[in-house]
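As structure tokens, here come the structures.
Shared between the two complexes below is subunit A, which pairs with subunit B and subunit C, respectively.
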Partner chain A sequence: MSFPAYHATVPVQSSPLQSVSRASSHGRRPPILERNLVKGRSNEVSLSAYAFLFCEMLSYATKKSSGIQDMEKKLSDFGYRVGIRSLELLVFRDRPNRRDTRLLNTLSFIHTNVWKTLFGRAADSLEKGTDNEDEYMISDNEPNVTKFIAVPKDMNQLSCGAFIGGIVEAVLYGCGFPAKVSAHSTGSDQFPLRTTILMKFDKSVLLREKGFEPR
Partner chain B sequence: MPFDVICIAVIGKTNNPLYIKNCSRNAAYPDLKCHYIAHTAIDLVEEKISTTKQADQYLGLLYALEELAVFGYITNTRVKFIIVTSLTDAAIKDQEMKALFRKIHNAYVALVSNPFWDPDAQRVISSPNFDRAIAQVAAGSSS
Partner chain C sequence: MLHALLIINKAGGLIYNRDFTDGLAKLTSNEYLVMAGTFHGVHAITSRISPVPGSSGMELLETDTFKIFCFQTLTGVKFLLITDPSQPNADVTTRKVYELYADFVMKNPFYNPEMPIRIDLFDSNVQKLVRQTNAAG
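The block that comes next holds the complex of A and B.
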């Protein structure tokens, strides 16, 4: 029987600051930023534990907010906090020595890398809006954060994908492409849980992109 | 060739100072000079990222003062790291500087992953772990 390289006693990763201070004591897990990039099974968080946490987040948001817009804003704020931190970590691990200065590169970075790291698979589609120059959409057929959430009939406009929207907004803002992000559920018969994240970029982003194009 | 790290500075997204540490031995340089050098380095960094097309994180030697050399590094989130070293006779290799910057970036990512530290708060970094990591970087290079 083979033993794992270090014990995975707790499925959830311990806070990185704690691990850094324990770096000198050997035998414990190495600090989070020095671990192997290829994640073994022992590093994954169970979906049920996460779904439980997300349920609690939703009930907290419902209690504290006064309406659907407010609730979506709260979920988006939660996502923002996650996004800012995971952006720094991702960029450090997956993109050494390179910065994404072009819009399309950043969007494909979000579409594949961010989604893969956070949800285990790439997002389903990345589209450019036909009506406006500055709109782009990322869709996910079955986002695992909202897989187990059932929205009551009277809150029909609520999309718990606002959490994912917050993550995307934080990543875009961190990379220097400020945008207004909103999440919409565009369920179809085949994929009733399909969520679309709509990103509307600031004018400054478009101007900068135009400047990059060869004259 | 060993060189002395005089000062390490971390400058935030909106060019606000997050962390400026004077690591010179015997306090040969006053703190104010470190602040001044970091401030002038910001202009140089902005110039470098707007002129060169290539999207590299390591910006290389920004400028040189009378006996000091200033190196810059920018992350994807527009956070800038500045290292000021004393000029020695032998040229300082890029690889060494890149290794130093990577260690600082490492410490910064560990700091950001802390859910209680808000990157948008515009306050100075006061985390002891971060202090310790930076002190290690400064000590490790001048051995």
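The block that comes next holds the complex of A and C.
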């Protein structure tokens, strides 16, 4: 690796990192910028801490927006910023020197790798839309993001999964597959919090995809 | 057998009540409010005026036909469980309810603290817990 000082798991004796890690060795972890980029178990965040943060993000979005659509747009923008950054990190960690050019590979990368990194498990399903060629769906039966959130009856069109939608949109955009992404609550009795992310791909993506197919 | 659950906020207001069994006398919502307010007052008295200093306040009220278990959190919210006199380990159940409250009420951005709890997810999870507890006991 090209930045040995930052990537060394055990700081070298003479490295300036040594003093930092000693100062923070009393049960405290090094600051996030000094941690190894390669994935480890210790990168997990408490779900409760996260839930409270998301809570505040939602209140902020509620306060700053005029209607439900506006609010979903805000949530999706929040997600976009997460997505574009996590893609960078994921590509570095999981698939260096490799880039998918096919749609299905990219979708399964999102369904599996992105989901596993962000939410600790793969999404529950990846389907192709039955009506339209350009639509794909990823569903999660119990998204971590909205695990504790019950949307009140007067706002029942709101889908807090818009945040996840934003993440997916950013990852797709970053991979070169621009798409319109929307999130829908598709709760059933068995999975009341089920959320479906609907991706409608840009024409250019489908045209390129056709070009890959053997004649 | 768990009969009912009441949650009282730190000001003594009733913010949640649910009956779980059919055999209970139907109290009006006003009577529930009075019961919650009275319990809150008595709890405050028992924690202030106690023969032994440092009392936590009343934790159990026992009668011939029912028991009331009370669990007060550090923030002053009280969970009251009305149970059968023979109910064991109700204090464990109150803590489980507290956990559900922390998860599904406090982590819900649409809930205003100190206000009545009207949250479907909390309801269904409490029902599930009560069903499990009643089936086990």
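Just so it is clear, the second predicted complex is superposed on the first by the 173 of 215 C-alpha atoms of A that agree within 3 Å, B and C clash if a C-alpha of one lies under 4 Å from a C-alpha of the other, contacts with A are read in each partner's own complex, and residues count from 1 in each chain.
Everything below uses one rule, namely that a contact is a pair of C-beta atoms (placed from the backbone, for glycine too) under 8 Å apart; a residue touches a chain by one contact, two chains touch by 3 or more.
This structure is a prediction, so every number in the text was calculated from the model and none was measured.
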Between subunit B (first) and subunit C (second), which, if any, makes contact with A:P96: first, second, both or neither?
first
Name the chain, either subunit B or subunit C, that contacts more residues of subunit A.
B
Partner chain(s) touched by A:F52 [first = subunit B, second = subunit C, both, neither]:
second
Output check: A:C175 vs subunit B and subunit C. Expected answer is one of first, second, both, neither. What do you get?
first
So, does A:T62 touch the first partner subunit B, the second partner subunit C, both, or neither?
second
Between subunit B and subunit C, whom does A:V151 touch in the aligned arrangement: first, second, both, or neither?
second
A:L33 contacts which: subunit B (first), subunit C (second), both, neither?
first
Common interface positions of subunit A, toward subunit B and toward subunit C:
none
For subunit B, which residues count as touching subunit A in their complex?
55-58, 74-78, 102, 105-115, 119-120, 127, 129, 133
Partner subunit C, residues of subunit A touching it in the complex:
48, 51-52, 54-56, 58-59, 62, 148-152, 155, 192
Quick one: in the complex, what on subunit C touches subunit A?
103-104, 107-110, 118-122, 124
Considering the complex alone, what residue numbers of subunit A touch subunit B?
15-17, 20-21, 31-33, 81, 84-85, 87-89, 91-92, 95-101, 174-176
